[in-house]
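One structure is given below, encoded as structure tokens.
Chain naming follows the written order as A, B, C and D, and within any one chain the residues start at number 1.
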């Protein structure tokens, strides 16, 4: 079987989630990957959406963060203030699963503006739940397409803090979650260097070269000494991914 | 005690030029019909408050109702951008639009403070982000017990909050269920609250997950079947996803938007 | 993930001498069986936390489990005083009892802060009362936007919270309904939470007004039918008002109390 | 028909409530009077208990503040934090209906200790919801039996603030509710003097004398220039009161 780079990205992201984890899921690529994981190796993955649905098991992918299908299949549905205050904020969620328009070498995410805030080149949707997901989850996994426009030296606007400007920033700021531990793209996987917190390339998807990654990364990306190659998608992974339907599409 | 009145009367009586107005509903139960009535009554200079400004606020902004937008995520969910909001921000068309931008956690807690009669709320938020640089309603406060510094956000107390619900009884008590969002807080934070409902029933039989808003905290209840479309009303109708996609084309261009607007204004609520 | 284990095992594993322990339930769903098991296992030096210490805490205090009581209303509802609590306070029998006293609003907000991962909560409370003179966990905080001074209370984060609920599923997800009290907050504020339930069922079918506690925020679930008696479990059994009245006579005298205690210790949970 | 002093107190207290008001009700005497009012002239009285029951219409009197009968007949049942934070604290409740072990000349209430706090003569239950009910309701009505032990010059412990030490205290402290506007007893009614905030006798129940009130009041109580006599209980009032049953009694 062959597969697309997007499919490889979703499958690699799904593989990053472990059964039994509680996962706070952003809409779009993270939601697709999380729901794939639940259909594959992580049937006990607890999916939490910022609309207040806890332990939801939608049989189709939601199109928006507050689709009825999320409420219908949830163990509990709570208010928006409660989902942020009682569930996200105390640090009881294992994984925050995010995407963004820009990510930088320290894993900071921008979903607010491209260009200056007051006169932006592109006005993006804004932060939604992401700043506090990035702050409070025990770890953060970022999934987004690897393009030169998106992978920048420094984000134009820090919507959601990754590792700030280096390895000590989160601790200095009093944040308790570990921040981004992995950025999974359609080309490979980047992880923060334990010493510098700078994202380094730790895995390439099959058929992708380091040069391709370098061409789409806006900083001189380091390559890990033990660079891995992502295992190819299995037939089960691909067929499960392809069988997933999105509500109303 | 809520009066049960037609929607045009409720909007006419309680929504005034210059007011701070919140229409809430988190993907679910978005009060579109009320937003359209505000457009028809040509309210101006509103400060529009909403966690997730989507189509309804894109429409109100395009119609020239808004002077300011207070929000935490502005987009067409699952589709893309809000073109009328972008046009107002970049070109001031049809009117300049000021923004006050927060995170969801911040906005939710601002409503909580408003509903609780407190001037501010405390949260672990905004730390290390660029949002506080641009938003005066974010500050810090120090814990008097541990000395720890935390984020503070000022309370939101809209002049008017409008929400949509499944049903009311004849006394004007309101019941809504499904994803409850931030509606209870937005209603309790407001000076006046208007609720549009799918139907009026004799008795509000209990429903799992239902939120009940007593009539004595509401100003008006208006019966507007389908009043949340093209969003959805759990148990009544589904989200019209095609309408969300179509809005992208309508709103991209001032001309097609203006044609849409004229048609809306010609319709009766 | 909650383990479904017998109550003696849950208490033995998670409740230790010197712990801060909260048994919650506001008149409704009071975890009596769990309190009795703590008495049987002879835990000592506990800081007992509860908004409304009533019979179960009078029993635990009389049995010598408690070194400190954190509370906001201590009485036998509808009957009168707690004689064992009074005896411990005035005579140190069977052990001296320290108290930390709040209002209900203060205690509820202390649990809210604990459940929210915040070190304190803000409220309009205690103003002009004598409570803050005697309670170090009340302070003030100033609004960074308005300058107004408000009350602050420190967060409550018990080592163990124990509540009773109607039922759990086989994965240990818990569902409770009727008056929900402060149980969700008390559970989410705790390091470990134990829930006793009336029964285990295959599926938690939705119930109006139900609170659901996911298994992954719980340490243990124990099946204890009647575990809230003589308080009540909505939909399962009524409050045994006679038992509340009888407690007044039993508890008035150290001798009759000691006889009651010996009998309890002889029973198996 | 004849009646007892306790019956007169409950009926006078019930009369003080107006139809359509929202009333935050303490257990005991206030609960009895509020439920009586709802059966008489105020069928639209909204009863709220601190256990989280809003708009409850019990057909028997609850024995405790969290009886199942309160939940069964309520329009809405909310959590204890919500009832205090969203419903009581913002000042949206018209009347707080309280009782106490001691009340003083400025309407301050004590339900904590008789004697010094650390070595009390009598340890009382404590505050419960009363301090914030007294602070936040638009007005407070106190109902309690008139005895020399209970009506004191100065309470031993201010559990719930009335008018503090005089007419400006509540405003100075930033409290927005008006505080106690009436104290209804088994002998008569006391109200704060508009200038001094001191409780003065404004009404006597039928057959009661000013001397009786003075004998049971721990300060030299002033008598209003237009002292009223409470109307005798009607047959309907008495029969309705006598027909009310308490759960499980």
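In this text, a contact is a pair of C-beta atoms (placed from the backbone, for glycine too) under 8 Å apart; a residue touches a chain by one contact, two chains touch by 3 or more.
Treat the numbers as computed from the prediction; the structure is a model and nothing was measured.
*Asks:* Could you compare the number of C-beta pairs in contact for C-D with that for A-C and name the larger?
*Replies:* Higher C-beta contact count between the two pairs: C-D.
*Asks:* Report the inter-centroid distance (CA atoms only) between chain A and chain B in whole Å.
*Replies:* Distance between chain centres, rounded to whole Å: 28 Å.
*Asks:* Averaging over Cα atoms per chain, report the distance between chain B and chain D in Å.
*Replies:* 40
*Asks:* Can you list every residue of chain D that touches 2 or more other chains, as numbers and ranges?
*Replies:* Answer for chain D, listing residues that touch two or more other chains: 85, 89, 136.
*Asks:* Specify, in ascending order, the residues of chain B that touch 2 or more different other chains.
*Replies:* 117-118, 123-124, 148, 184-185, 209, in rising order.
*Asks:* Write out all the pairs of touching chains, ordered by chain label.
*Replies:* Per the contact definition above, the touching pairs are A-B, A-C, B-C, B-D, C-D.
*Asks:* For the complex, give me every residue of chain A touching chain C.
*Replies:* For this pair, the touching residues of chain A are 20, 22, 46, 54-55, 75-76, 85-86, 89-92, 136.
*Asks:* Any idea which chain B residues touch chain C in the complex?
*Replies:* 117-124, 137, 139-146, 148, 150, 152, 154, 206-210
*Asks:* Could you list, by residue number, the parts of chain B that touch chain D in their complex?
*Replies:* These residues of chain B touch chain D: 1, 115-118, 173, 184-185, 188, 204, 212, 214, 216-217.
*Asks:* In the complex formed with chain B, which residues of chain A make contact?
*Replies:* 27, 50-53, 63-68, 70-71, 77-81, 84-85, 88-89, 112, 117, 120, 123, 125-132, 135-136, 157-161, 164, 169-170, 173-175, 247-249
*Asks:* Name, in rising order, each residue of chain B that touches chain A in their complex.
*Replies:* 26-28, 51-52, 71-75, 77-78, 81, 85-86, 89-90, 101-105, 108-109, 111-112, 123-131, 133-134, 148-149, 178-182, 184-185, 209, 232, 234, 238-239, 241-242
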